[in-house]
Structure formats: structure tokens, C-alpha cells
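Shared between the two complexes below is subunit A, which pairs with subunit B and subunit C, respectively.
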Partner chain A sequence: MKKRVYINATSAISPNGVKGEDNILHAIEPDYKDIITNANLRRRMSHIVKMGVACGLLCLEKNGDRPINAIITATGLGCLADTEKFLNSIIENEERLLNPTAFTQSTFNVIGAQIALLTNNHCYNNTFVHRGLSFESALIDTMMQINEGDSNVLVGAIDEATPTTYTILKGLGLIENITMGEGAQFFVLSNENSATNNISLKGVKTYSGKYNSAQQAEFIKNFLADNSLNTNDISCFITGDNGMQDSIYTDVNKLFPSATNKTFKDICGEYPTASSYGFYLAVDYLENHPPDTQNVLIYNAYNNTNHSLILLEK
Partner chain B sequence: MKIYVTGVGAISGIGLNVGEHLTSLASNKHGMGPVTLFPTTLNAVVSEVKCSNDKLKEILKLPFDKTYSRTTLLGMVAAKEALESSGIKNVNAFRTGFISSTSVGGMDLSEQAYVNFRNNPQQSDVQKFSQHDCGDSTQRIADYLGITEFTTTISTACSSAANAVIMGARMIKNGLLDAVVVGGTDALCKFTLNGFNSLMILDNEHCRPFDRSRSGLNLGEGAGYIVLQNEYSLYSNPYCLLTGYANANDAYHQTATSPEGEGTYECMRQSIELAGINPSDVGYINVHGTGTPNNDLSEGKAIERLFKDKVPPFSSVKAFIGHTLGAAEGIEAVLSVLSVTNGIVYPNLNFKNLIDNSNLIPITEYKQGLPLKHVLSNSFGFGGNDSSLLFSFI
Partner chain C sequence: MEELIEKLKQQLINELNLEEITPADIDTDAPLFGDGLGLDSIDALEIILILEHNYGIKIQNPSEGKEIFYSIRTLADYIQANQK
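Here is the complex of A and B:
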């Protein structure tokens, strides 16, 4: 894809590294009534929907409310609390006279749809729900939209932590010694450098399966070569190290001996779209470092099977 | 760049493969009946795939002792048929991706497991939830097909599969893939049946799309996939071209459509514009036509606004296969491909009387061998998510 994809605005509603008594990193939420001003709409929204919609609206505001040509969202597990609420109501009321709100608010695309509704946006609207690669899929869609001629795309990711998910993931052995988290991150990507910071998204690569260190190294080197770079060109290497899969991350870290190493799951916790917080952190790093050419690479492995590489440059 | 359609595969209440679909459609044989897949107190009419999970495993040569969500099994059957009909023998010879959609994922397993879980979370068998997320069925189907290139899942309610087709076509056009299997799969489950019932948009009788007496939809289940390729990766004679597609948002209401069908109009208009043709070139429309008073009225208005006094022949197949949600446009894309390739139009069952203040009479007889150049297919979802696809004769 030929066109350069600038990152003009970012927003996050994240746990900021503060763990709750339940050992989960819960997002620190803003006062929603200042952001989602329609009280009726807000009342129907569950935690994840409020978090996502508010984060999206904040991002649009930071972008000077410029017109948006596409809204693309990502979520690994969707609106779990409302899904569970509706399941409970089916059982408790024996399928009779159910309130449809939890059902209609549990659809995976509800956040992108509500942002479109609130901003009267009739443009392209899509939602990716592919585990640890949902956000990356949304970024690929975004890059294509811009390459096809769109000027401003709102792209974001949202996942929520619920007590039931915690119990299930614990039971499945997926979060042993790993802190579960949640959050929402949104970005405006554009063909114009309107934020004048010259920060752009250069490439995204996803792959699934279990690979050894040598294979991982090959994936990473090939991805960099596709973008005319080698490992020495990376000034900051951000990994999805969650304290558990350290062997994967230790080995890939060795590929970048001269780069600054950063992690993000200590701040946002582990969840399917956590790499969107890594992306948020990467933009922040580039904004706050000297203007000479900088490349930041994010490597994330979700459940050690969904791998992604995201490359940003300034 | 041209996007060729080279493979088709479908499973639904009217057939386990594409051939059976055409036979059923040609003989007015619908798939409706009572719910048999799970116990329910609802008196609903649904179109179930007439095949148990064990029978599906047998067709797929999968081990009987392993658990798969019905969404996965249905998807495997249709995706396998699509890939085989494309002539692609080795998916790794070119960059072949898989983009699938679903609205419920493994909910058929989760909703059963949840009954025990809610009473005793700590003692419950949580393994049963491991196939819950939407990506699980997609990954299992990709593994079954041997696809290791780009794989992802889309979920935008009832337009999901159309958006999977659009994403796949764009990935080829942007040079990211050479071939891609695209479509969707959804199993019928208690969760969605109760969801649509709570919205009071289910008809307890056989649905009547575009008829004055229509009073709701019937749910269905199934899966449908098509194979898209660029010209460099072609093995066989393609069925047709995918020349137009668009997604637009109604931005009106979470579950209802705007009275004038703003999003509906836009996605049809943009699809035709992308193909570089005129509305009068469209020879047949496979409408969304769910049979709800709201959908058919606003879809009809949008069609009349776009095509004016030259509305092409159109019909809804929902009275045959039900509304299969995340699979709907997968199955209907297959039917639209066959429509433009073989000049077929499908009957709209149960049409008797015109909707008030409308002149829209759907096709009520199966015909083939018609000189169709372009076929438009619509699907609209919750959240005002509206998509159209346009297939063209080669």
C-alpha cells in the first residue's frame, strides 16, 4: 500500500496500572455524562459500551471533530456483561417477556454503531472479532481505507473484564500468574499530517500458531525487510510481555540489543485487544522523543498463538 | 483490478450443498419447521439444517469424541465445498486467506454450559466455554482447510458475511492476498431465538417477505462461502465477477431501519457506482427482505428511490432458509453468484398482496436461463450496518 498513514489523535480509557481487590486491572473511567450527553442512550449502555463510545468520542474531539470517513472497531470477546445478563434473563424468566435491551446491546458492533448514531455518520462501519488479532485486523482495514482514498478513519479496540470471564479463563488455565485487564483505545488515522507530528503507521502483520524462537526471529526479520528495515533500525521495541510467556519475549528481545525495551501489560493488563494499548504507548513514545527518524516495533503474542507485529515511524 | 468468484459452498435448512439448494428453490421446498435442536417454550417457526452434529462430523470425517460448536461444523461443510469448487488444490501455492463472519460464535455450547455454571461457577466444566469467542470457529475452519495466511473474523450482526466478502475483495485489490475464502456461519441457538422474540419481530407462522400481511421473520441457520481470486491465481473458469460492494451506516436506531432506508439506499447506490454501471443495468436484486414490517417497507422505499420506475425483478429467499444472521449474506452471495452465472431468479414464497402505497411485486416463480448481466444482493444488520454486493456476468 502506497499512501502514508498518519496517526493524528489518540485516546485511552485504561487501568493505568492500578489493580483492584479482585486482582484485575479495571479501567479508570471518566465522568461519562460529560461525554455521552444523551441520558437515555447512556442509561442503556453497559460498562464496555460506555467505555468504548466515550473513548471514541474523546478521540474525535482531539482530532478537532474533523469529518470521519470510516469507523472501524475491534473486540476479542465483545459485550460479555450484557450477554450474560440476557442469558440469565432467559433462564430466570423461562423465555417469557424478556427485556430486549441486553440482547440488542450485546451485538459485537454496538460500539461502532453507537458512535455512528451519535455523530450522524453514514460511512463505512466494520467490526473485527478475531481474538488477539482483532485490533490488528482493524488496523489493516484502516490502512486499506486510507489507501483507497479515505482521509480520516476512526479505529479503536475495546474489551471488558467481568467476574465470569475471570473464573472461566482461570479455570481454562489461561491466566495463571497473569493479570487480567480491560480498556478502550481509539485513534484517528489519516492521509494528512494534521497533527504535524509526522507519526505514521507503517505496517501490520498477523500470524497464528506455535513457533520456536528461530521461526519467530524469521517472521520478525521478514516483516522488517518487507518494510526496508533491519533490526538495527528499531529504536524502541515494545512487547506484550505479561509476566508469564517470558521465554517468547526474552528471545525476541535479544534481536534488538540496542533498542529501548518497553512493556505495556503491566499498565493495561492482559486482554484480547491489549495490543491497542501498546499502540497508544508507541505513539506516546514517538511524540516525546527527538525528531530524527525513529522506528517503533510492537510485538504481541496472545495466548502464545495469535502473534502480531505493528510498525510505527516518525 | 478484477475480482473473480471461483468457488461456492452453502449449507442451510434447504440443503447440505449448493446443488440441493437449487433443487429446493426450483421446487418451492422450504426448510421451515418447529425448533428441534434445543428445548424451548417458544412456539417459533425456524429453518434448521436437517443434520445432527454427529452427522456433520461424519461428513467432515472428524472424530466423534471431540466437541465442536455447531457454528464451526456448519462453516466447515460450506467452506470446504467452496474451496473444492474453486479448483484450488494447494492453498499455499498463493497467498490464500480466510475471512469469516458469525453473530453467535460458539454460543450453542456456551448457553448449555452456562445453566450449570451460574449455579456453581467454581465446580463447573469451563472447558465448554473455550469455543465461545467468534474467532474460535474461524480458526478451526481455517485449520481444517489448511489456510495459514491472513485469517480474521467479522461480526456486524446480519450484514456480517457481506462485510467479510468486502474485506476479502479489498485485500486482493490492495495486493495483500491473491485468493480468499469469504462468508459466514451461524448456528441456531436459544440466545438469538429469545433475542429476536424479545424484540417482537418473530413471526410464529411462515414469514411473508414483501407481502402486506407480513408480521415478522423466521430465524434459520447455516453457512455460506465464496472464493475470490485475482487473475494471476486462477485455476478454473470463474463463475462471475464481484464488481461492486459497499457498506454504509443508517445512523438511525440500534435495531430499526430509518423510514426512508438511508443506509440501504447508500450501500446499493455506492455498489452500482463502484461497478461503473447504471441502476438500469441491474437485472435482479436478491433483497434482504426479512419479512418484518419495518425492513421490507424501508428497503422497498430505498429500491424505488434508486431505481425509480424501472425496479428490476427482485425476491427474498428468507421464506425458504429463514434469516441466518451472520451466515445470511454468505448463503445469499452463493445464490446471487449462481443467479448471474446461470440467469436464475428465485421465487419469493408467500407473496399475495402488495404493501400499501407500493408497487413492488417480487418474483414468485423460479426461472433460469435469463440474460442477467448484473445481480445486486442486500443485507442489513443491527446498528444500521447496511451492505450490498454486486456480481457481474463474465
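Here is the complex of A and C:
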């Protein structure tokens, strides 16, 4: 029998819907000195690393003393600023004399590794880099870890927006009429309900191809049926609608006429792991609404690819 | 010499991203590694790059590294003696 996967702690460093002058939704950052107290480690960390490590540590703080058995992170594009710095350095220096810090800090798993180092955690540590399905892949791994015996798993997602990436994506026509964003969200998922809010992750499903409206509806209905639910059982339907005119989200809201409809990319912007902010919003919704609110479904996709469904229940 | 020392201090602050440290905070004769500024092996690699990029100096004999990298003054002495 599948174990129930409770959500015991959450944290987010996100833009909160505030756009910068560059039209990007940049995360509103805390004073990192208060959270990452080791100055020698902090000075080497780029924006995304500080954002991710601080968010992870804040989540662990909320989790209290309960030991963590696994750290699982997700990122779609990784540490872009350091990667850009390193690649520029390769060109400028004709592939010689490369800057070691930018290289060591530009790897995808640096955030999960730094959290483990700072908390002396020697357990399972894995990073998923699966484009727009990175966070969902991390959640699936988390559920498997808990079903195989782990008690508490720290799982999170991080992506950053840089001017270079913005220019490249805009040049490729991938972010026309879309607001780019960034952020870090972390969660402690557990086989025990220590937060007493009784909120749990019930299921995750992904599909990386393209769908028409009928296939999309079938994908959603089948997932709900797999979880012994139908569309009327969903109290709140949260979508990753990013405002594109030919939105793949046009028809899906019609599947849930009785549900409250919410969006999250107007708050956090578009980025590969933005669904982690949808997840954060879903937990917040379940925490702050009456007991009859039972099931929240998150549906995310980008440009009709990387479709994902995440189901939470209370 | 004093001008070179000030320049080196600023380059170290910039390249090693030494937060909340000004050139005045760095003791010219204090050890850079361990005590003093508390730099480590990755910083040593960054300083090698500073020497090569900015002064065209390559350290030919690695065994001299400990002596050359001892302090800002020993670094400045080495640059002055070897810069072409």
C-alpha cells in the first residue's frame, strides 16, 4: 500500500508579482547574511545558489529537529550566471586560464550539495535537470523515497533569470508576450503528519509531448480516475497559464466549472520549475481555506509541451 | 610599490568577492591563507589567474608558491621582480 506523503514545511523566495525595469519578475531576496552565516561559503555563491541554499535552509528551520533522510533538488536551466561567466571566460582566454570558482559553482547539483554540506547531511542527494518537468521528476523521486522507507525528504526547485538568457530566449521567439521569472521553493515531505495541517501530495503525472484539447482532457480525467476522483471533486484548479494568446489553458478551466480557478505565473513568472511555486500556492490555499476544501489540482505546461499534473489533498 | 599594493588589494577584493572588506581592512603583511584573510586553495587558483591575466606572470616553480602567496607584500614583491 502506498504511504501518504505529508507536506510538513514550505518556503519560497519568489518575485511576488513585482516586475523589474527589465520586464523580468526577479525574486525578492532576504538578507542572506542572516541565513547563510559562513561568509567564506557565501562569497562564492551566485544569485541562484544563494537563493536556493537560503530557501532550503529556511524550510529545514520550519521543519524543526526532525532528521532529513534525502535532499532532492530540481532545476530546468541550472546556475546560468556562473555558466555564462565560465563560457565567456573560455572564449576570452582562448580556452586557457579558466576561472575555477565559476566552474565549480555552475554545476546543476551545487545547491543540493551546499545544503548537505551546511547541514552535515550524508544521505541520498539527487538533482533532476529535466527541463520543464524537473520539479515533477523530483516529486516522483521523493514519493518513491518515502515509499521505500525514508521519513523526511527535503525537495525543492530553483531557476534564475539572467539578462543573457532573456536575450537568447527572446531572440528564439520563446518568450513572446510572456513574462520571464525566477525563484526557489522548498518543501519537507514526510510519511508523518508533523505539521498537523494534514495536507499531502497524492499524485504526480507528466507528459512531455504535445496535446490537442481532447487529449489534454483525457490526460487530466485519467489522472483523476487513477486517484479515484472526478472533476467535481477538485475544489481548486491551479494552472500555469502564462497569458499566451493561443494558450493551451483555454479549454482546461471548463473541465472544472465548480472549482476555484487560480494561476501562479502572474506572480512568479515563466521558468522551467515554476510549477514549484504553484505547489507552494496550493499548500497555502489548503492551509487557509475551510475543511471542505479537499483536493487541489495543479496543471502546468509550456508552449504545449511538458504537461504536468500534481494533486494535493487535505 | 605602495600603488601596486593598493591595486592588488582591490583586485583580490573584486576577484575573490570578499564581502564587506575594503583595501584598508587588509593588512599588507598578514598571511593571506589560514589566518589573516582566511583564503583557501580555490582562492590560490584565482590569485594565479590574477597574476597571469593582469601582470603576465606565470609561476614557474610551484614550490615557491607558499612564499610568494604569503601576504600582499610578498605578492607585490614577486610581481615587481618578475613583471616584464
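Quick note on the criterion: the second predicted complex is superposed on the first by the 308 of 314 C-alpha atoms of A that agree within 3 Å, B and C clash if a C-alpha of one lies under 4 Å from a C-alpha of the other, contacts with A are read in each partner's own complex, and residues count from 1 in each chain.
FYI, contacts are C-beta pairs under 8 Å (C-beta built on N, C-alpha and C of every residue); 3 or more make two chains touch, one makes a residue touch a chain.
Since the structure is predicted, the reported quantities are computational estimates derived from the model, not experimental observations.
When both complexes are superposed on subunit A, subunit B and subunit C fit side by side without a clash.
Once chain A of one complex is fitted onto chain A of the other, the partner contacts of A:Thr167 are limited to subunit B, with no touch recorded for subunit C. Once the two complexes are laid over each other on the shared chain, residue contacts for A:Lys62 go to neither subunit B nor subunit C. Contacts of A:Ser137 after superposition: subunit B is touched, whereas subunit C is not reached.
In the superposition on chain A, contact is made by A:Glu94 with subunit B only, not with subunit C.
Ranking subunit B and subunit C by residues of subunit A touched puts B first.
By the touch criterion defined above, A:Lys262 reaches neither subunit B nor subunit C. Once the two structures are overlaid on chain A, subunit A sits at the apex of an angle of 70° toward subunit B and subunit C, using CA centres and rounding to a multiple of 10. Of the two partner chains placed by the overlay, neither subunit B nor subunit C lies in contact with A:His289.
When the two complexes are overlaid on their common chain A, residue A:Thr104 makes contact with subunit B and with subunit C alike.
In the superposed model, A:Arg42 makes contact with subunit C only, not with subunit B.
Subunit B and subunit C never share a C-alpha pair closer than 8 Å once the two structures are laid over each other.
Taken together, the two complexes place residues 99-100, 104 of subunit A in contact with subunit B and also with subunit C.
For subunit C in complex with subunit A, the touching residues are 16-19, 38, 40, 42, 45-46, 49, 52-53. Taken in their complex, subunit A has these residues touching subunit B: 1, 71, 76-78, 83-84, 86-88, 90-91, 94-96, 98-100, 103-105, 107-110, 112-114, 116-117, 119-131, 133-134, 137, 140-141, 144, 147-148, 164, 167-168, 171-172, 206-209, 272.
Of all residues in subunit B, only 40-42, 103, 105, 111, 114-115, 117-118, 121-122, 124, 126-127, 129-130, 132-136, 138-139, 148, 150-157, 163, 167, 170-171, 174-176, 190-191, 194-195, 197-199, 246-255, 262-263, 266, 381-385 touch subunit A in the complex they form.
On the side of subunit A, the complex with subunit C involves touching residues 39-40, 42-44, 93, 97, 99-101, 104.
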